[in-house]
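After this come two complexes, each holding chain A, first together with chain B and then together with chain C.
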Partner chain A sequence: MGKRITVPFGSQHVALPEPVRFVFQTENEKIVDVEVDVGYVHRGIEKACATKFKYMQVGYVVARVCGLCAISHTLGYVTALERLMGVEVPKRALYLRLLVSELDRIHSHLLAMGHTAEVAGYENLFMQTFRHRELVMEMLELLTGNRVQFDFACPGGVNRDLTPEVEKVLREKLKVLEEKALWLRDVYENDFSLALRWKGTGVVTEEMAKEMNVVGPPARAAGLKTDVRAEFDYLPFKEVGYRMVVLKGGSIYERNLVRALEVLNSIEMCWNILDGLPEGDIKVPVKGLPEGEMFVRIEAPRGELFYYIRGSKKLILDRVRIRVPTFANIPVMKELFVGMDYADVPATVISFDPCLSCTAR
Partner chain B sequence: MVVDEIKVPLREVRRTIKEFYDPKEWHFITVNGVDLGGKVELKWFFTKYGEREYFKVVTSEASYDDEIPTITYLIPSAWISEWELADLFGLNVEGAKRGLFLDPESPQAPLRRG
Partner chain C sequence: MDFKKFRKRSPWILHYNTGSCNGCDIEILACLAPKYDVERFGILNRGNPKQSDILLVTGPVTKRAKERLLRLYFEMPEPKVVVAVGACACSGGVFRHMYNVENGVDKVIPVDVYVPGCAARPEAIIDGIVRALEILKEKGKEVELPHWCSAQVKPPVNRVKLLDRCLEELHGRR
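== the complex of A and B ==
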């Protein structure tokens, strides 16, 4: 047994896109204990939603929880509000929400895949992945008006319609993106160096995933069949060709491969949405004041996103609670590190695609 | 949406969850608090794998001074939700450390209404 050495990882670290701090106790490079701190970017958003902002404004506030999954946050909130207030959203609006939601998943997954490639020392693949991700950013900008903080969904529907001109450009870009995504899937699946580096590293077993309530791509990579898109009817996924991607293995390799395969399924769904987009209104008025409680689950790119709201017939809600996917996955990450080589930590952390803006809120 | 809500006194929460919770079948989502002024309503949310829109919710109430029983003996991943309750509501949760989300200098128990 070697001398015990304390190694801090974060809050600022070259491998981390966001501030989280792990303090590892190591013996001969093996981690024997770990502490975690996730509160570096706590902004009191739940407090603000229940004290400063009216219920019609909260969708725009929660979009600021996270730049990457802003669409999922707004979608979670407006779905809960619409269910609470008995609002029936037009079918065209639901399809448009689904379109941006899946585009959001594609760009988030490509970001996670790119970062993992970078941490593996594969700079060129990181740049290629981000280059192709740019196509999705452009599509989202065309659709919503913004590259981040999209503010697309609103209570009762969506804020912008899809024009024929935009649809034409989307189809052109989607075609290019599909080719690139197929190439990326091939690289992430078959590249010898990546497989050698990632296979069998940072393994979450199916039992562990159930025991630790893991969500999102890390759960599905471990063989756990869970995806809110199949478990909660918030958008018409069944009508546009959704398929759950589940793999066995649970290592960094499978987590990235799940993402690569989900990108392809999301692109297929986008094609189907564009081909079958219903005609009609994009928004209905929301009248009255919210009374009672409601909770919903949404499949954000990183996994299950849970929204709880409660109102008492006032303009300002009594409670808005946001439970984000990274929050749910921090316990398994902490568990996973014990017994791991310190050298495997950066790739393992990034393969969970952690979002600390979401976690701390 | 089917919601099976079970209201129990605080001391019964752990036993109630133990009676039905099997990690192979149930997914623990989170524990949520709502301040009611002088006391907090607590809800433990669960959903079943493979079921559509099915939830089980264990509900209880705790005064600010009560000790909230931990469920980490049953659900190891619940610690983060419990530590958050301790930070944001200033509640005394069994085994929870303070400071995961809030700095010592920041306003304490920000989600209390009183």
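== the complex of A and C ==
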């Protein structure tokens, strides 16, 4: 037994795109204790939503909670608001929202997969994944007008329609993307050195996942059948060919494989949406003031996202509460680290795809 | 040997997120990836402040990130350039006047290049970096202090003492 050594990881670290701080107590290579600090990026968005912004503006503010799953946050808020005020959203708008939300999921999953590959020391695969991710970004830009912060969904519908010219280009790009995604799935499934590095590292068992309330791809990789898309009816997922991807194992390898398979499923859904897009309006006016309370659950790329709003016939809401997926995944991360080699830590952290700006808000 | 000529051929980047929404951060990552590829300017992303020349800051600077940002800034050797990426790094953006933010990077450290946009497009970020390279070429070795700091510096500079002095003033201001 060696002496205890304290190893700080973050807040600024090359493996982390955002500030989170882990302080590890290690004995030789083994970690014996860990402290997590996630509060570096707290900005006070929930407070501002309840004091500064009107209820029609809040959708654009909560989009800035997180740039990776921007559509999920807006979607959560506008769905809650529409249900609270009894607005009937046109079918075409729902389908367009679904299209953007699936494209967003693809780009977020590809980012997470690429990042894990980079942290495992496989820079070539990181570059390849990011190259194919650019296709999705181009599609999103064509569809919504911006690469990252779309502001696509708004209370009552969507802000921008899909024109036939754009649809044609989308179909072409989707075809290329499908090929590339199949190739990526093949690499992440069958690459010998990646499997050697990832299989059996950072294992979350099914009991652990159940007990610690893990959400999103890490839970599905552990064999837990949980997906808000199947459990909560907020968009017509069942009509466009949604399948739940569940694997057994729960190590980094399975987490990435779940992501790769979900990307393929999302592409399939995008094809179905483009084929069966209903005609009609994209927006209905929203009138009146919100009164009462409502909660909504959304499947963000990282897992279950929970929105609660309360209003009392005023322009400014009383309360907006956001519970994000990464926050639910942090306890299990802490549990995993104890007894693990320090060298496996960056890959494990990134394989959970933590989003700290969501967590701290 | 005159290093000034070669300085702008291989600038290294330090990237720090001070509370942005990740949008600008993934655009910076996209810049490093194949399609936009800033590596053709000799730019590499390194996590070490002591080897970096360009500090890319995203986010409106939260109260907790403020001290880290100042620390990173002082750890970088001169000459260095600070690029504020995104609307919230330039002025606070949508987060302006929320209770935990400082309304922009230039409230804490001197900024040389502002890149607008929410989120800043990769093309804009590359343009900002290329402008930063020109500024880097002209800059000398003298230490730049934040506008709110009243410390006097004479070479040779003791960075540790200077940082302590600045942090004291920063906390005194609160």
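Here is the rule we use: the second predicted complex is superposed on the first by the 361 of 361 C-alpha atoms of A that agree within 3 Å, B and C clash if a C-alpha of one lies under 4 Å from a C-alpha of the other, contacts with A are read in each partner's own complex, and residues count from 1 in each chain.
Please note the rule applied: a residue touches a chain if its C-beta (ideal position, glycine included) is under 8 Å from a C-beta of that chain, and two chains touch if they have at least 3 such contacts.
Predicted model only: the values in this text are computed from it and were never measured.
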| item | value |
| --- | --- |
| Touching partner for A:231 - first (chain B), second (chain C), both, neither | first |
| Which superposed partner A:47 touches (first chain B, second chain C, both, neither) | both |
| First, second, both or neither for A:30, with chain B first and chain C second | neither |
| Contacts of A:330 with chain B and chain C, given as first, second, both or neither | first |
| Partner chain(s) touched by A:39 [first = chain B, second = chain C, both, neither] | both |
| Which superposed partner A:319 touches (first chain B, second chain C, both, neither) | first |
| Partner chain(s) touched by A:213 [first = chain B, second = chain C, both, neither] | first |
| Chain B/chain C common contact set on chain A | 39, 42, 44, 47 |
| Complex contact set, residues of chain A against chain C | 11-15, 17-19, 39-45, 47-48, 52, 60-61, 64-68, 70, 111, 126-127, 130-131, 133-134, 137, 146-149, 355, 357 |
| Chain A - residues contacting chain B, complex | 36-39, 42, 44, 46-47, 50, 83, 210-213, 224-226, 231-233, 295, 297, 304, 306, 308, 310, 318-319, 321, 323, 327-328, 330-332, 335, 360 |
| Parts of chain C lying in touch with chain A, wherever the complex brings them together | 14-27, 29-30, 33-35, 45-49, 59-60, 62, 64-65, 68, 72, 93-95, 97-101, 118-119, 121-122 |
| Chain B residues within the chain A interface of the complex | 1, 23-24, 27-30, 32, 34-35, 43, 45, 47, 49-53, 55, 75-77, 79-81, 87-88, 99-103, 106, 110-111 |
